[in-house]
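Next, two complexes with subunit A in common: one pairs it with subunit B, the other with subunit C.
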Partner chain A sequence: MTVDPSCLPPLGIAIPLAGACVLLALAKFAPRVVVDTVAMTTAVVSVAAMALLVAATSSGRVVTWVGGWTPKDGSGVGIVLAADEIGAGFALLACALTACALIYTWRYFDDAEAHVHVLILLFLAGMVGFSLTADLFDLFVFLELMSATAYALTGHKIEEPRSVQGGFTFGVVTSLGAYFSLTGIGILYARTGRLGMPQIGAALDGHGLDPLVLAALVLVLTGLLVKAAIVPFHFWLADAHAVAPTPVCVLFSGVMAPLGLYGVLRVSTTVFGGVLPAASLHGTLVVLGIATAALGATLCLMQRHLKRMLAYSTIAHLGLFLIGLATLTASGVAGAVLYVFGHAGVKGALFLMVGVLLARKGSVDEFDLHCQGRDARLTKWLLPLGALALAGLPPFGTGLGKAISEESSGLTALFVLVSAATGGAVLRASLRIHFGLGPPPQDTDSDTTTGDDEKQEGRFPQRLPATMVVAITVLLTGGLLVGVVPAVADALGAGRSASWTEPGCWPRPCTAPRPRRSAASTWSGRGRASRWGLAQRPPEGRRVANWAITYPSHRGP
Partner chain B sequence: MTRSARWIVFWLGAGGVGTLIVLALLRMPSFGGLVHPYRDLAVPAAVGRSSPNIVSSINFDQRALDTLGEETILLGSVVGAATLLRPSKDEQELLDRDEGRVLEATKLLGYLLLPVTLIVGADVVFHGHLTPGGGFQGGVVLATAVHLLYVAGSYRLLRRLRPKSWYQVAEAVAAGAFVVLGLVGLLLTGAFLANVFPHGVLGDLFSAGTVFFLNAAVGAEVTSGVVVLLSAFLAQALSVREVS
Partner chain C sequence: MSLLPYLVAGWLLLIGCFGVVRSRGLVHTVVCVAVAQSGTYVLLLSIGFQYGASAPVQGAPGPVVDPVMQALTLTDIVVSATVTALLLALVIQIAKRTGTVDPDQLDELRG
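The block that comes next holds the complex of A and B.
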């Protein structure tokens, strides 16, 4: 049986939604085993669907007009989903991480009702939709879906004031960012009358960067950068990660925050690519990335609360990803995405191992746990391994991704220092905890957040449940496979031109700004639309052009 | 950071954002202009499918995926709020014996308005494709009607006549119905959320195809969602007590 690839993107959104509805309907009556099974089945089916989609994207972008509203005469009213290797890859990553988180949660949450599972599946639907949509407003809707469910998941441990506080900070900061994005989308719609990203891009092309377009760019990117925890919008991430249930941290760090960067890349190239000088976009993003990486690495070294340490390491890595993406070259983007995938596996495994420590010892404090982990059989060896992988140990995906991104960006020293600092911090903690190395640390700084009053998660006897071992192993192996299997790097276009960035289109942007004329020829509405798979519509250019010619007279004062 | 330093940072940022937004708004198309590319496309598309309410046609047909997302945001928010407001380990639900007195006038008005509100709500939902309104608006009206039981009657009465777990199931079924309708479109025409039902005659109750059914599904989902949401808040305010 063959599946038409164009039905896979909507299925990626519909499957987790359907699973969540079934779970919610059964919540009151079903025993725990049924709840876990339904959630797990949904995640596995989603993984399969997205894997098929990734396979289908290798032969070109998969474009779906939802509701069958295929444009006629060059203009459409519908919503378009466009899956390329990177978007579909992110969707697959979200599904796979969710499956791992659900394996780990098997009999993990104390309360019987299935609310957490419902929220995780709705969260997954949001992430898949965000990865696949090519409509700016739809992007915002799925951003909000991710946020609304993420707030509740963060504050899940309601007995603790810190948990509710972390969820609240997350909620306020991210919502504020989202309002800015919505304002920007409104401004763009007022100017162009379109919501599809390639359509807005085509309408903006050739009109120059006036304050309205600039304001729209700033506003739309703000919400996405908040989601990606880029300095100065990073405040929520550590607080949320410190208190969120550990399996949820895997999703936050592994895919939700990097999705913010993916949104930045998609919006700034597809919507604003034609009006924005590539050099200034590159410069701005690189500066933000360097600040984020430096700040995250510094703060990571200073933490003793293990979950906060991992959270700051995520911030540092988000900075590095941004630098890779900001090159806007095929290899830089592919390297950054590989880095994201490798990092997701490694960081997820690290979070779960810290979760195991929390469940066994009731603490995530580096000082408090000194020498306490000598009896742990699994984490004793895997935690240092994970720390090395975080620093970019070669066979792991983090190593390959880091190598490609640092080469493309030219900031080798920064990449090495930042990844070594984050890996080193985790290695320091793990050697202290499991091997008792070094003298017992003295509690000197009263300002640092300690990790000894976190609530013990889960209840299990001395033996580690097999499900948790499986989840940790799968994640770490996944992080390894991203680097080892050449097909992954190939699929992302590490060696050839990525679909994001035609080589002739973004020629080494940091050297010289693109000449205006060549921009018009390569990024014209027609060229861009055809790369979104809309080339079957011959009069596309004409309609846009007609409207655009009448346009300037309707500009404001 | 001292308090005054915080204010300085805030005003610098607010000033910058404010200037940017003002500069942008000055270049917005002037009010009442003639160029509306989306309107020019959306109105014929809506009328072509027998939906005189263009907004409903956009929400439930042309851009139905957005509405699925928005409805799911509501579902997620309700489930999330119910999760955060659940009684914790050291809390228990205890009902007060004495709930105070309701004025006779309030009672009379409440019970008179209850059926009226229900009818208005149902009307707003089921004529969503014809007249202003739709599932979201009608759903909120219907949920309000249920809570007249509390305003005019008592919290005990509301709890008896509003079994929370049923509403939670109804919420899930209604949200699932939206997805199922989308999948029916996928199965019949190959396009998710395609408008596959007969479009009927412009202005008839059963017209505009899927728009009618999606409106009904959203109406049911919003009604039950708001009821579940308010029940969590009401329980926290009225019946959940800390026990030591």
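The block that comes next holds the complex of A and C.
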């Protein structure tokens, strides 16, 4: 059976939306098990569709003009979805993490109605759309769809004062950021008369970098960096992660925040790649990344609330991802993307294990739980392992990603220190809780959020439900596979510059020389593709011809 | 094209942010977010606007204003309604659970 790959990107958005509608219709009278099954089926079908899409992108970019509104005679008003290896990879990551979160949810919430499942599926639709869109305004719409469902999920435990406060902070900060992005998008449309990203890029090549375009760049990137929790807009992430239901934290940490960075990459290369001096962009982003990584690692060490500790570790890692992406070289970008994938698996598993602690002991406080976890059988060993993987232990995906990123960015010391600090903080907590090592900590600091009055989620004091074990194992294995299986790295465009399996073949930066490109073949140009980490792709075929057509200006005289 | 609408748009966006920063009540914060978003409506509409042009409907005589920008503004309004409603619902819950809407007194999450 062959599937036309161009139908897959819209399906990735439509399947979760359809599943959410079905669930909403069933919610009134269907029993819980039906709700879970429908949600799970939807997620699994999405994973399959996105896996097919990733396979299809290995032979070239998949471009879909939604609704058949292809441009005619060089002009058109259609909306375009474009999937390349990195975008499709992010969509697949979102679907896979959602499936894991849904397996975990199966026995996690006692009282969950279908709302959680519906919101998670809508959230998935937003994330897939964000990964695949090639239209700047759609980027904003999917950003807002993703954000609005995320606020609702964060504030899901509406009886909890902390939960609603965290959701509110999250909502105000990221909404304001998104409006700045929209202002920038408006300015770009005013300047070029186009909304498609490669079309704007082609038009800007002719204009050059004037102050207005620079302002637009800053505004668009602001919203995306807020979403990615880059300093000084990092504070919402810790609040939101500390209070959101645990399965949702997996999605927030694993894919939602990194998607902000993906947006930065896409906008700064596809839209502004032709006009922006690469060195100045690199300098700015690296400074932001270093500040974020240092701050996140420091604050991570100071936490006692386990979810906040993991959240600050996510902030630190987001800083490292940004440093990797900012190199804008094939190996740097590929390394950062691999790092994101490995981190998603490891961090997701860590969050779920903290969720197990919360369900069994009714607390996520490091001091309060001292010696309390001696009786845990599985998490006793997996939590320290996850902490080591977070610090970049080979052969986990985090290790491979960190190695490639630090090699291509040249900031080895920072990468080692930051990942060791965040892994060390989690290891400290896990050894205290499960093995009772060290003296009982003194509770003297009143300015830190404690974790002992979190609401217990789910109750199963005796045995860990099999569904939770499956979810934790799948995530950790996923984090491992990203590092071990060369095909995964290869599919993400990293295999050409690095292979884990060949001893002595550590990655080295390989910037392909940038060929001249014509304005009409903007995004398909091999020059830009090389900077996306996809340097050695075969020349693309017929689809490119449709794709590369630019809109004429809509502006009247 | 006059410069005024662009200045108004920028002013609304900035004054909205300023209001969020200076806010003493969460309802005020939500309204300030909505004010900031109004700046984007003004910006989008003024980008598409032409003097003497009519509404972009089928068969309109003469030049019409840019329909793309009008569609974007409508989408923007829908987004705004969703976000504002959700944030106000959260404010109601905060007020119920903690008895205050002053951000300085909400200190559940620290450090």
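Heads up, the rule we're going with is that the second predicted complex is superposed on the first by the 490 of 557 C-alpha atoms of A that agree within 3 Å, B and C clash if a C-alpha of one lies under 4 Å from a C-alpha of the other, contacts with A are read in each partner's own complex, and residues count from 1 in each chain.
Heads up, the rule we're going with is that contacts are C-beta pairs under 8 Å (C-beta built on N, C-alpha and C of every residue); 3 or more make two chains touch, one makes a residue touch a chain.
The shown structure was predicted, so the numbers you read here are calculated from the model rather than taken from an experiment.
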Legend entry - Touched partner set for A:M302, first subunit B, second subunit C, both or neither: second
Inset, instruction - Quick one: classify A:V243 as touching subunit B (first), subunit C (second), both or neither. - result: second
Legend entry - First (subunit B), second (subunit C), both or neither touched by A:Y151: both
Inset, instruction - Considering only touches as defined above, state whether A:V164 meets subunit B (first), subunit C (second), both or neither. - result: both
Inset, instruction - Scan A:V141 for contacts with subunit B and subunit C and give back first, second, both or neither. - result: both
Legend entry - Touching partner for A:A215 - first (subunit B), second (subunit C), both, neither: first
Inset, instruction - See if subunit A has more residues touched by subunit B or by subunit C, and give me that chain. - result: B
Inset, instruction - Go through the superposed model and pick first if A:I79 touches only subunit B, second if only subunit C, both, or neither. - result: first
Inset, instruction - Give one of first, second, both or neither to describe whether A:L176 is in contact with subunit B, with subunit C, with both, or with none. - result: second
Inset, instruction - Name the contact category of A:L24: first (subunit B only), second (subunit C only), both, or neither. - result: first
Inset, instruction - For subunit A, give the residues common to its interface with subunit B and its interface with subunit C. - result: 77, 137, 141, 144, 148, 151-152, 155, 158-159, 164, 167, 183, 187, 189-190, 195, 554-556
Inset, instruction - Using the touch rule from the top, collect the residues of subunit B that touch subunit A in their complex. - result: 20-21, 23-30, 33-39, 41-42, 45, 58, 61-66, 68-70, 72-73, 75-77, 79-84, 86, 88-90, 165, 168-169, 171-173, 175-176, 179-180, 182-183, 185-186, 189-195
Inset, instruction - Flag every residue of subunit A that touches subunit C in the complex, lowest number first. - result: 77, 137, 141, 144, 147-148, 151-152, 155, 158-162, 164-169, 171-172, 175-176, 179-180, 182-183, 186-187, 189-190, 195, 238-239, 242-243, 299, 302-303, 308, 447-449, 554-556
Legend entry - Interfacial residue positions of subunit A with respect to subunit B in the complex: 4, 6-7, 10-11, 13-14, 17-18, 20-25, 27-28, 64-69, 75-79, 111, 113, 115-116, 118-119, 122-123, 125-126, 129, 137-138, 141-142, 144-145, 148-149, 151-153, 155-156, 158-159, 164, 167, 183, 187, 189-195, 210-212, 214-216, 218-219, 547, 550-551, 554-557
Legend entry - Complex contacts: residues of subunit C adjacent to subunit A: 9, 13, 16-17, 20, 26, 29-30, 33, 36-37, 39-40, 43-44, 47, 50, 53, 63, 66, 68-69, 72, 75-76, 79, 82-83, 86-87, 90-91, 93-94, 97-98, 106, 108-111
